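One chain, chain A, appears in both complexes that follow, with chain B as partner in the first and chain C in the second.
After this line comes the complex of A and B, so read on.
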């Protein structure tokens, strides 16, 4: 087993609830998002979405569109924009097959079937309207029963099937069991900033203003598709107006705009309309999950057997890995997670905030409650009974696991004790049905790979650089805090450059691993710069640090000092000046060594408690209280981390009660494809939320002890709310979102 | 047919000739007057990201044709601060972390300024939540937003009292 990672840094800025460094830019309108750019000679592009889900385009009135004043060019499969790379290939991670007018076949509603480029947005939109496509439509397959299942090679980015122990024996040994089927709908990320690009070519050099969650890595993708060296691609993504997993990969409409800019020789801006977000840019695929739990006479789980039928497109694979949410949490005698795919006439799903974990946890946590109820036990007591001391199946120790403390602190804060076992027995003073439910939150604590550079300038200030992405999680602030600590500088003496692809690779802003990874790289680069500076100082006879020995030197408040004798020291600027005034540059990287991942199971944990009130006649539901207690390793910035956790919990509320894309079975189109019909919570839906961060030191997860908080808030929350509704009403609804009509019908 | 309009944006007069009657106030601001602080979230009046003040009233600029605001006084997010001195609502949004990605923020803040001026909500959190529910925040910074509006409303009321005393 690897030794605990030493933590040589004294945490100064880290751990402080610093306000966002990009705050002023964001409240004054100065923060520049992709579509805010307006280079000279700019053209506007609008892509034309298919209004059927399956069939082919027979004709379009290209002449009418071209004739409209201001329209510059119209691209269709007849004069399609050729890419150098194959849009049907998948040569790298995050590559999904794209429809870039290479065919007149239609595989999903909102698939691009043409691109109109014009001098103004108005002309482009009108040109698009004038195309008036004529279709040959075929019967679309848009529900889980419309096609046969198949065995997928992978689920999400993980295994399609994982088995630990003897599952059949686990079923056979069960004294009691539940055998349940739940459904979750397709959901769409709907970041407030729709996907957008401003593309400008200079010969074979390409500049993209593009919201991107994997900035440096994406250079290679665009280089491949456009047949230019990756270093010829500059991506600028200082701010993303939300990503949620949808902005790590290339998407067809953006590719078309870039290709058009090259073909026409002028910069092109394309911004998806809100309705166009429902198709070509990924979504959370629908699932039907079959879950079976068995317990012995002592209420210990003999088996947890979770299967998901997950929808994908007819032309690519992304299987919502819902069943994998049942790995890693409860101490079942046998564990199985398995997936079946079903190919539908929909856009290819993709990773959406907590992919698999959100939809899988929703069902797992409901099933745990159903099992507890069958056992006649309190839901929390049942979960504690099956608390895993080591990772189920693998037996690996957890790098840290403060889940017991989460349960305890969450339950205490919520007032869980005294909850009646029986459903439908609590009322408030207004006569509303009251229910309490809970769920466990779990999210893995991954690291990807990142690099960074740290410079100590002659004036003693710091410059740190990595191509990190801030989509709202607070990278601009939290990563700078980490870097400031590594350099031993106050935060205001550190300049942080991020958000462009000409910097060291900041890795992927996803998987809740960005702070750990990019932060780890910055930390490592900062420590390297300090080590180099210490070498200079200790070798310099004129320095009070001369001969002190590198190992005992630390950086504090812009000075190098001898640890334990902080009077003996010298400030950075003086050391650098005496050495000739050259800036001192350090580099570093971060990733998780395979042996560290093999030795420990690494997860963030949490416990979520919900109170709902339900009108006994109208069945209108309100979440009146929601308490989440989370243990996620070291919290770099409590203010921003809590915002992330609140946001995740609200996504959980949204999953439980709001979000669902509904298909018209005749055309295959999504009938509620806008923000009026596709419901997400608004301010009035959010009241009585509390977040508790439970202290957790993790000496194994990474050098900084960080686990990540971006996605865990959704997990646990969905189940907690659904369980509370069951507790309030006595009705168990096994389909999300839970609707008034489901309760009226009695489930 | 072209249309000439004259409007004031953040105190500056603009005489604009539109060759196209379809131009919305939002696209006028963003694409023609080069003031992209106001954001396009849905272009259908469903999300509130494009909220600006027209003659003191909060409106969805995406649903407002530019030719209808001839002679109007427009305030956008770019016009709220006075030099380096932020508007109390802007300050409160930073302090209460009333945003994450920041994309809906210009609309949230303009909506909050309008709401406080309307005087319907006072510093009642529940009314503030209702009054701010035309502005979607997908990051779901709602708690911080509501608290920021409440805090700013209180601070502005206190300032008013001091001034009138």
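After this line comes the complex of A and C, so read on.
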């Protein structure tokens, strides 16, 4: 087992609830998002979406579109924009197959079938309308029953099947069991900022204003597709209005706009309309999950057997890894997660905030409650009965696991102790049905790879740089806090640069690993800069630090001092000045050594408790309290972390009660593809939320002890709300979102 | 977006004179502009009414009636204390609709002439007899959760989305209209039309006519002490009604002296049944009575697809709205207007 990583001993900026540094710029409109850019000579592009889900385009009135005043060019499969790289190949991670007009076949509604470029957005839109495509439509397959299943090679970015122990024996040994089928719908990321790009070419150099979650890594993708060296690509992504997994990869409409800019020789802007978000830019695929749990006479789980039938497109393979959410949490004697894919005429699903975990946890946590109910046990007691002290199946120790404390603190804060076992027995003073439910939250604590640079300037201030992405979660503030600590400087003496691809690779803002990864790199770079400065100082006979061993020197408030003898020290600027006035530059990187991951199971944990009220006759539902207690390692910025956790819990509420893309079975089109029809919670739905962060020191997960908080809030929450509705009404609804008519039918 | 002409007349006469076939009047624009973006509507000319003088007042006339100018903003009407005191369920209905931003922009006249939110109408792509008479109705056999259960036809199963229109119908509002052939008035009950074979005729307005005012008769204020609007919906705010009901009673000596009941989101117009109201008159308020009235109000309801649940939910919503009305209008507007969770106990 590797030694624990020494914890940094002094936190200055980090640990403080600093307000996000870009907040004022955002609320005053000063922050420039991608589509706010207007280079000289800008053209506007709109892509033309297919209005059928399966078939082919027979004809389009290209002449009419071209003739419209202001239209500059119309691209269709007949004069398609050729890419240097193959849009059907998948040469790197996060590469998805794209429809960039290479075929007249239609594989999903909203697939691009043409691109119209014009001098104004109005002319482009009108040109697009004038194309009036004629289709040869075929019967679309848009429900999970419309096609045969297939055995996938992978589920999401993980394994399609994982088995621990003897599953059949586990079933056979069960004294009681539940055998349940749940459905989750397709859901679409609807970041406030729709996908957008401003693309400008200068010879074979490409500048992209592009909201992007993987800023430096994406250079290689665009370099590949356009046949230019990655270093010729500059991506500027200072602000994102939300990403949620959708903005980590290249998407067809954006590719077409970039290609058009090159072909025409003028900068081109494209921004998706809201309805165009439903198809070409990924989504959370629909699932039908079959889950079986068995328990012995002592209510210990003999088996947890979770299968997901997950939808994907006809032309690519990402399937929602829902069943994998059952790994890592409960101490079942045998454990199986397995997946079947089903190919539908839909856009390819992709990672959407808590991919797999959201859909899978929703079903797992409902099933746990159904099992608890069958056992006649309190849901929390049943979960504690099956608490895993080591990772189920692998037997690995957890790097840290304060889940018991999450249960205890969450339950205490919520007042869970008084909960009656029987459903439908609680009412409020107005006669509303009241129900309490809970769920366990779990999310892995990954690290990716990142690099950073830290510069100590001659004036004693710091500059830290990494190509990190702030999707709105506050990464820039939290990362700057980490960097400031590493440099021993107050936050306002550190300039933080991120968000462009000409900086060191900040890694992917995704997987709840950005703060750990980019933060780790910044920490490392900062420590390197300090070590270099200390070398200069200790070698300088004029310095009070002369002769002090490097190892004993630390940075404090802009000075290097001898640890334990802080009177002996000197400020940065003085050291640098005497050494000739050259800035001191440190570099660093962060990633997790494979042996660390092999030695420990690493997860963030949490417990979510929900109170719902339901009208006993009209069945309108309202979540009136939602308490989440989370243990996610070291919290860098409590204000931002809590905001992330709230956001996840709101998303969980959205999953439980609102989000669903509904397909017209005749055309395959999504009939509620806008924010009036595709519901997410409004402010009035979000009341009575409380977040508790449970202290957790983790000496193994990474140098900073960070686990990440971006996605875990969704997990646990969906099940908690569904379980509370069951507890309020006595009706168990086994599909999401839970609707008024479902309760009417059950009541 | 198709190119269009734009004109901003200075008087009603100028506005009407500017109208030509294919033109559209523009109020707050919260519905029309959306439809122009989707391509569902493509007027050749927009006649912007928002600068017409004299249409933004709320006045009590000599005969005791209340006249609301068509350009009064939804939020201004709902937050007018005198108006809300006299017609609390109208204010409650307005505040149950859309969002604060939209209510600030939308005019009351525009609220009445807004179009259905049937997705097959709005998308500009599907077959829709409202958009293209005779072409067919793709809503039938499609996603029908929000569709009509009363008064629909094989031509159209869409519903009218307005909350505001529902209490107006219950209170016998009168719509004042100006047009190429002069001014006239239409009772609210006749303003919105059922689809029949001509769903494209959504209202009683003839080509070129404009709603200039909405008038509530003097006797409508008699219901102020017992009137509620109740809206069942999938989230607490900013959602169209699954079903809704406006209920108003006059209670004298423990008996119902007058009753009004209109249902929303069940048909192409606010749904009122005289017999359902009449059976309550002279009776003491009771849950049984309200259930009978609600059942009578929904008589003849038929699913237009996979939406039979709306029939039962509408009955229950109507009965509940009546019960709430009987319990008395709250002294203050509930924090969640028209909500199931809008009772003071949930404030």
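Before moving on, here are some points about what is shown:
Basically, the second predicted complex is superposed on the first by the 744 of 747 C-alpha atoms of A that agree within 3 Å, B and C clash if a C-alpha of one lies under 4 Å from a C-alpha of the other, contacts with A are read in each partner's own complex, and residues count from 1 in each chain.
As a working rule, contacts are C-beta pairs under 8 Å (C-beta built on N, C-alpha and C of every residue); 3 or more make two chains touch, one makes a residue touch a chain.
It should be emphasised that the depicted structure is a prediction, and the values quoted were computed from it without experimental measurement.
With both structures placed on the common chain, the touch criterion links A:734 to neither chain B nor chain C.
The partner that reaches more residues of chain A, of the two candidates chain B and chain C, is B. In the overlay built on the shared chain, the residue A:620 is in contact with chain C alone; chain B does not reach it. When the two complexes are overlaid on their common chain A, residue A:239 makes contact with chain B while staying clear of chain C. Of the two partner chains, chain B and chain C are each touched by A:681. Look at A:122: by the touch rule set out above, it reaches both chain B and chain C.
Look at A:28: by the touch rule set out above, it reaches chain B but stays clear of chain C.
When the two structures are aligned on the shared chain, A:430 is found in touch with chain C, with no touch to chain B.
The contact surfaces that chain B and chain C form on chain A in the two complexes overlap at residues 122, 125-126, 273, 676, 681-685. Across the complex, chain B is touched by residues 19-20, 22-33, 35-38, 44, 120-123, 125-126, 190-194, 239-244, 271, 273-274, 470-474, 639-640, 642-644, 646-647, 650-651, 654, 674-676, 680-687, 689 of chain A.
Those residues of chain A lying in contact with chain C across their complex are 51, 122, 125-126, 129, 273, 275, 428-430, 432, 613, 615, 617-620, 622, 657-658, 662, 664, 666-667, 669, 671-672, 676-677, 679, 681-685, 739-741, 744-745. Looking at the complex, you find that chain B touches chain A at residues 20, 22-23, 27, 30-31, 34-44, 46-47, 49, 76-78, 80-81, 86, 90-91, 93-95, 97, 99-106, 109, 126, 128-130, 132-146.
Put simply, chain C touches chain A in their complex at residues 1-3, 37-39, 99, 117, 119-120, 123, 125-126, 138, 141-143, 145, 232-240, 242, 309, 312-313, 316-317, 320, 336, 339-341, 343, 345-346.
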